[in-house]
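I've put the structures underneath this note.
Next, two complexes with subunit A in common: one pairs it with subunit B, the other with subunit C.
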Partner chain A sequence: MAQPLRPLARRLGQLARSAAVWQGLAGIALFLALWQIGTWLRLPMLRHVPAPLDVLVQFATVVQSRQYWLSWYVSGQRVFLGYAIGVLLGVPLGLAMGMSRIFHGVSFPLVEVLRPIPPLAWVPLSILFWPTMEQTIVSIIFLGAFFTVVLNVLGGVEAIDVSYQRAALSMGARPWHLFWRIVLPATAPSIFTGMAVGMGLTWEIVVAAEMIASIQAGLGFMMWQAYVGGNIALIIVSMASIGLAGLLSSTLIWALGRRLTPWLRRT
Partner chain B sequence: MTGALSIRNVGKVYDPDGARVIALDDVSLEIAAGELCVVVGPSGCGKTTLLNCIAGFDTVSAGEISIDGALLAAPGRQLAPGADRMVVFQAGALFPWKTVLWNITCGPVLSRRLTRPDAEARARALLSRVGLAGIEAQYPAELSVGMKRRVEIIRALINDPTVLLLDEPFRALDALTKSVMHEALLELYDLSRKTIFFITHDLEEAIFLADRVAVMTTRPGRVKKIITVDLPRPRNYRLLATPRYGELKQEALEAIHEEALKAFVAGERELA
Partner chain C sequence: MFREWFNRAPAFGLSLFTPVYYEHIAYSVYRAYTAFLLAVLLGVPIGLLMGWRQRVYRYTFPLLEMLRPIPPLAWVPLAILMLPGIEPPVIYVTFIAAFFATVLNTLLGVLTIDRSYFRAAECLGFSPRNVLLHVVVPGALPFIFTGLQIAMGLSWFALVAGEMIAGRRGLGYMIFDAYNMAQIPTIIMGMLTLGLLGYLSSALVRRLGRALMAWRSL
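And now, the complex of A and B:
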């Protein structure tokens, strides 16, 4: 039951009146100011760090280049692909593990053995396994999202109060009712938690993968190029861009989750 | 009138890792159609086990349970849960992801016993009967515990059960809310006259509500005493101050105190 979108103006008005927003902005402004003052004072630890104003200038130049937006697009595409496959396979697997004792018995130990292997440790094997670098990167992103989603969904199914299923059975529920009307909505909050945590991981992985793998585009690649070329301001622009990309994707997932679980809405 | 619940020589043995735990031992109880029977006993006396056996969530090891002569449960035989035996759970089981109206109407609508408009009309009528008109579109999380309980009882009643099974439904409520809930339950009971099997460990609640109170022994659970509550209906809170209520309470208290003491000593021994 989705509520209609509130008018944008009203939303912005609410944001402008919210103390949390102003406190947050004040914190960021203070951080930037201290950094700027630090560079003016020529603090030794900031010797190699450009001032925020220089970074801003670099940022203004870079947003005009096609290459910059291409980097966004390429990294975003990799993240989206790997993440989408991870969620599409991870949610059903987690549900199946939670609902079938036998399936749980067969698959849980395997998941527990593979899960602690950091996604980046899969890089060498993936390079040998996949014909293209692109597929390698996507497969590693997939691994990061997949295990996080599986474990969260499994935990969600296992935490369902048995009374819900008993109540449903008493009211004459059929097996498919139990799945669609009880298990799925009861697990929905865990699914979205897993998706949000998994989304955070995918950006870590894409950047690392782009820095090790020999490919020609992406935000991680852009940062590495800036490092090789000695453009420190561009490194910081890349870092900020990656942070922004992660923030945007997580916000999207949370927004989607809130929309699809209206019963959890806090007023 | 239907809904005569017959519990004959029922036994239940749990056998986790070979440790035979006798939860119920030769429990017999005949509940007449339309009777409100309350089972009281100390914690761990097997009263929830008995309710689960009637509801079809658990199996019996001995004896048999039947409704109006039709067998529900016997060793090796167990009728699956169904709308003829609706349960109101101790911790509540309203679906948090659905609105009050959907929660109440889902049983009859999904199993095609009522059309949606009919079910919704009935739900609204029952809600306003217990002073809850206007909350149809809210989610359970937006309601107080007392409101949730009333909604849950309505959800059970709209399924038109033969027997209504209530598992300590008011346990988590404060004393004031509890007394309001008792009157709401009795109001719905007077309206429908369903057979009610109600379990609790609260004696005052038991006597206020019941036609008969069955006092159970501590584990292994047996029926120790049956007290017939000859207080007139409809009942309200003023009853609590009458001498007859006090006498009945005294009678029940003596029966259960001994059991509570045994349960306490057994608990101490388990802890030691």
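And now, the complex of A and C:
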């Protein structure tokens, strides 16, 4: 048990000694101090904004409530569902578009027409289209993740050096080999980039959708309720929670990508 | 839907021939471009400075990384409380969306410049100003324009949501208003208009990038 702890302790020790960490913390501390002083001085922009210390107090009380963790769970579930469907459909579609010229010709114009429409512009139409609000939100999240993934995968396939394919073909590779040995490994980094970018987008969409569609739970709803109720410290706590949730999910995707593409040199 | 769009006397009061439609478009375009320009004017210099001067990078990057994960749209309630009027909150939210994409890509662009260029410039006795103008800016330009394209897409995305939540005019508001009155053709009309405007804006940025980086198209 103690074995994995020792490198961690050493790394923490190294972190504590490096100047960069302290300088970064100093930057953050300066920001918070300016904010605190700004509220003391009652600057016009910060007239309604509570000081960081008040926000911290609010955070400490909110963490104890069940409602708060329920919001996390509900939003997380929506994000996960929409995101998973988006990735599961987007990756094969992007690969197919990159590999088959005919398929590319048929589907690319359609993707290009639908893609520039911002996901949230779909909200009203989805509300009319889907029977429940839950499905509406998931479908909007799906749209956000889907187009990002498709375009990144497609770009990845198109960036493959043609000589790899020629070399494989001249050595008698089957299309199936081409796919598993060349296209998929070469595209893997782009797939994970697309997945990570798409993940960032999904959290943004879930928040906005929850605010617009007035659904009964979730982090976005919590924030909107705090806004309506005039509890500004809770608004900031919600913002921080959403940021944290997005950060955690993106870190997860990057870690997964790193594990699955070990041949890439990371800096 | 198209019959409605091209109708001189539309059933729901909005088509290519009504001035209100253009008013919505004008408001959205004005907000998107104001926010985008602000983001470029602030984001590119900050990104360049962070990439070029290590001290600046060390002091500011963690702060940037702390604020960046907060989605622009989560700023909406706070922006309404902090800024007066109707226009500033919407523009602020759109600005936030474009700003981080611009800063990060610019920073990345400077960091990818080969170190030997800096050393060569130093050996040739370049002043800091000349290093900035002849090494840092041209070296980062491709990344800056990638960032600007992403930022343009993001600002339209945030704008629509901002208008839906807090706007009084603009295409996002038009869509949401049409939804409240169950005017489906107008909804689709708004969506397609937005798609077209977003596409044209990205094309504009791309064209500008190509014009400024003539050496890359050889």
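Just so it is clear, the second predicted complex is superposed on the first by the 239 of 267 C-alpha atoms of A that agree within 3 Å, B and C clash if a C-alpha of one lies under 4 Å from a C-alpha of the other, contacts with A are read in each partner's own complex, and residues count from 1 in each chain.
Here, contacts are C-beta pairs under 8 Å (C-beta built on N, C-alpha and C of every residue); 3 or more make two chains touch, one makes a residue touch a chain.
Owing to the predicted nature of the structure, the values given are computational and were not obtained by experimental measurement.
Enquirer: Determine, for the superposed arrangement built on subunit A, whether subunit B and subunit C clash or fit.
Expert: Once subunit A is superposed (C-alpha atoms), there is room for both subunit B and subunit C without a clash.
Enquirer: For the combined three-chain view, what is the angle at the C-alpha centre of subunit A formed with the C-alpha centres of subunit B and subunit C, to the nearest 10°?
Expert: The C-alpha centres give an angle of about 90 degrees at subunit A.
Enquirer: With the two complexes superposed on chain A, say which partner A:Phe147 touches: subunit B (first), subunit C (second), both, or neither.
Expert: Once the two structures are laid over each other on A, A:Phe147 reaches no partner at all.
Enquirer: Spot which of subunit B and subunit C makes contact with more residues of subunit A, would you?
Expert: C
Enquirer: In the superposed arrangement, does A:Trp224 touch subunit B (first), subunit C (second), both or neither?
Expert: second
Enquirer: One more residue to check, A:Met171. First (subunit B), second (subunit C), both or neither?
Expert: First partner only, subunit B.
Enquirer: One more residue to check, A:Tyr83. First (subunit B), second (subunit C), both or neither?
Expert: neither
Enquirer: Of the two partner chains, subunit B (first) and subunit C (second), which one does A:Trp35 touch, if any: first, second, both, or neither?
Expert: neither
Enquirer: If you stack the two complexes on chain A, which partner ends up touching A:Leu128: first (subunit B), second (subunit C), both, or neither?
Expert: second
Enquirer: Minimum Cα separation, subunit B versus subunit C, post-superposition (Å)?
Expert: Minimum over all C-alpha pairs of subunit B and subunit C: 12 Å.
Enquirer: Given the complex with subunit A, which residues does subunit C contribute to the contact?
Expert: For this pair, the touching residues of subunit C are 55, 58-63, 66-67, 69-78, 80-83, 153, 156-157, 159-161, 164-165, 171-172, 175-176, 178-179, 182, 184, 187-188, 190-192, 194-196, 198-199, 202.
Enquirer: For the complex, which residues does subunit B have touching subunit A?
Expert: 55-57, 80-83, 85-87, 89, 91-93, 95-99, 106-107, 110-111, 113, 139-141, 155, 159
Enquirer: In their complex, what parts of subunit A are in touch with subunit B?
Expert: 1, 161, 163-164, 166-167, 169-173, 177, 181-182, 185-186, 188, 261-264
Enquirer: Under the definition above, what is the set of subunit A residues touching subunit C in their complex?
Expert: Residue positions touching the partner: 19-20, 23-28, 31, 45-46, 48-49, 112-125, 127-128, 200, 203-204, 207-208, 211-212, 220, 223-224, 226-227, 232, 235-236, 238-240, 242-244, 246-247, 250.
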